[in-house]
Amino acid sequence: MSAYEISIISIIGINVILAVSLNMISGFCGQISLGHGAFFGAGAYAAALTMVGSGSVLLAILAAVVTGSLLGLAVGFASLRVRTDFLAVTTIGVNFLFVGFVRKQAWLGGEMGISGIPASGFGPVGNMTMILLFAAATIALSLYISRSWMGFAFRAVGEDEGAAATLGISAGAYKLAAFGIGTALAGLAGCLYTFFTQFITADAFDFIFSVMLMAMVVIGGIGSTWGVVVAAVGLTLLPEAIRFVNDYRLLVFGGLLVLVIRLAPGGLAGVIQKAFLAVRRS
Amino acid sequence: MSAALQLDDVAIRFGGVQAVGGVSFAVEEGDFVGLIGPNGAGKTTLIKIIAGLLRPDKGRVQLSGVDVTTDGTASRVRQGLALTHQIVRPFREMTVLDNVTLGAGYRRTSSPFRALMHLDRRRESERAAEIIAQVGLAGTEKKLAGSLPLGQMKRLEVARALAVEPRVILLDEPLAGLNHAEASKQVEAIAAVHARGITVVLVEHNLEEVMRICRRLIVLNNGLVIGDGEPREVMADPIVHEAYVGGGMASHAEA
Amino acid sequence: MYYIDLAVTGISFGCMYAMMSVGLTLVYGLLRILHVAHAAVFALGAYVTVLVANATGSILLGFLAAMIVTPLFGMAIYRVMYEPLLKYRPDVPLIASIGLLIFMQDAFRIVFGEQGITFHRNAFAFTTFNIFGVTVSAVQIATIITAVVVFTALHLFTTRTRIGIGWRATVSKPQIAASFGIDPIKVRYLNFAVGSVLAAIAGGLVAEMNNLVDPGIGFVVSYKALAIIVLGGLGSVRGTLIASLVLGLVEAYGTIFIGAWLDRDAIAFLALIVLLMIRPQGFTGARTA
């Protein structure tokens, strides 16, 4: 396997974890989160500092997951207080704040970021394998949650919190759970990213990146684990496979986002489901 | 034995108006109470307070002796209260069966951790199917809740309320918007609920039906209770008459 | 004196933010949609101003051209993108709007280049005056005067003309307005048109101020505008004006104190988040039950 292929697969794996975890928050539970990059970044920085400080892979993973989910829970608490419209703006704000804050902190590397992060010791193939294993675990977790009573309750909360309450479902607790789990996974992805690149800057975690993640969720089909996985893989590969797309990356992503929402709001998963039903009827 | 539902001196003020001013009453287990009053009497506000959607400025709400005044709706539901909405709110993107199954699984969803630990829905689905049949919706299980006609949606609300195994059911204008035939079916469903020993409190404008089915009427006007007792007596009371005459006494409310 | 300089800077930025944000709050007030793509309208206004000014040699024509093109663009966005999505929950048009903004920004980059375009002859950009010891640039004066003129005109329009009054009525009491024969669809187009014209003016002024229009021009301002309209109370024009000025001043003075540990542009969001935690309904927002 060439270094390039290892690199691509690693990135795909990380994006899958990010997209699937975002889908738990925004897809399953209906809480629009346009700042997922911030949790990814928080995990990455936590892992970087831990590696620089201690070199322990295990500690780094732990630090990343905890940091990601702490920030996530903070945002989750915010989501309990504000209306839906405001939540979107708040998450955008969190993203901007994160980047704006990190860029000014010398101890976080400021605008230069943190470079020369100690290697995880697994080597590129080892890292890639670890990423793929975690990606698989994330997918499994997502599928499980979707089928469980938690997923059932999430859907109710996402559609109508008040009605959910009349069935004994505390919307607040579930929103926190969604944010907690989703952002912990984002933090994990951040750690894996740090192992992979050994060099991070705040720009990798900005609002544009968060929008790309949301694009993966939307295009894949909000709420559908497999749809989102396919979209994550596809949208990561697209710029690599087609040079044109790489040069006009934002054009393509933005355009796709608008087209999908306009023409097929259910995303890939929705299109396939409709095709399925059509075939069954004929 | 404590009352199924008890209000003690409940009051709330907003927008400069005393919407509810010191209301007290107790509803015993098995009662069938109608909460009536002219428009603006404070019925909706009172229902919201009982349901946990509004917190009163003062007073106490108790469910079977337990003080729930500061509890949210979901918590009250887990403690034996069920409610239906005036404007129906089914989960439109879910099937009828799923809507009721979710309610039947109220124990499973009491906390996210517990919900995460449980996968199996069979028992709850079976119970849900029974309830669906009881309210006369058999055959609609696989339909999307959003596709039902209004009458069926209203009965779905009752089915969901039954699913949480309540001791007290709060019905907010269960007959609003229904034509005569649908209203009859709805009344049957509600009567069946009561026949199982569940305490029923309903708010309704359709006085004719309310007189027929309720065993007790509580009349509200300007945020205060002005009548409480047997339907015939209450409706004959001149004070109650006067309260309605100003707003127009509708003996037959058709949406 | 330096502090007064800062005040002038703050106020002129505030005026610019206001012209940019009012369009956003107008759309929200009417349709409950966060029209993030408004920034693309703003950017288009900036580009058109420069292009036409360079082609004709007259900056005024540049502004006029922008004021004609942008409302068309804004109304088209409504018709093609938002109208079909109104039936969904508000997150859906929001995401579409973000997608459009990103698309447009990249499109601008491709068409006009990464470096952007500049005025061939910019009379104003570097002219400054010294008034009572305070250094004020011509652009700042122009911005403030334009804002005063524009908002006075807007105020008169919505309180003295039939169309304007009908517009306000439709926003606050749509059913009653409709029963008076006011066409809600026309009002929507008017809404987008007016907001877009304001954005165009703001865009032109920013182009003047920086003597440059590059692809990123709308980016940060757009998200700041989001923060501003939430701070001002979604849908409230007056609140937006106040919030815009306040933010302009806070940024101008704030950089002195907070600039050490937080990017200037992030200040708006810090203020937003702090406010939302204290008052979840925004500055002038109404308390829902």
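Worth a mention:
In this document, chain identifiers A, B and C correspond to the written order of the chains, with residue numbering beginning at 1 in each.
The rule we apply is simple: a contact is a pair of C-beta atoms (placed from the backbone, for glycine too) under 8 Å apart; a residue touches a chain by one contact, two chains touch by 3 or more.
Keep in mind it's a predicted model, so treat the numbers as computed, not measured.
No other pair of chains shares as many C-beta contacts as A-C. Relative to the centroid of every protein C-alpha atom shown, the closest chain centre, again from C-alpha atoms, is found for A. With centres defined by CA atoms alone, the chain at the far end from chain C is B. Inter-chain centre distance (chain A to chain B, centres taken as mean C-alpha positions): 41 Å. The distance from the centre of chain A to the centre of chain C, each centre being the mean of the chain's C-alpha atoms, comes to 31 Å.
Here the CA centre of chain B is 48 Å from the CA centre of chain C. Annotation for chain B: residues touching 2 or more other chains are 53. Annotation for chain C: no residues touch two or more other chains. Put simply, chain C touches chain A in their complex at residues 28, 32, 34, 81, 84-85, 88-96, 98-107, 110, 223, 226-227, 230, 234, 260-263, 265-266, 269-270, 272-273, 276-277, 280-282, 288. Within the complex, the chain A residues that touch chain C are 32, 34, 78, 81-86, 88-90, 92-94, 96-97, 99-101, 103-105, 207-208, 211, 214-215, 218, 248-251, 253-258, 261-262, 265. Partner chain A is touched in their complex by these residues of chain B: 52-53, 72-75, 77-78, 82-85, 89-94, 98, 102-103, 105-106, 108-112, 114-119, 121, 160-161, 163-164. On chain A, the positions that touch chain B within their shared complex are 144-145, 147-150, 152-153, 155-156, 159-160, 162-171, 173-174, 176-177.
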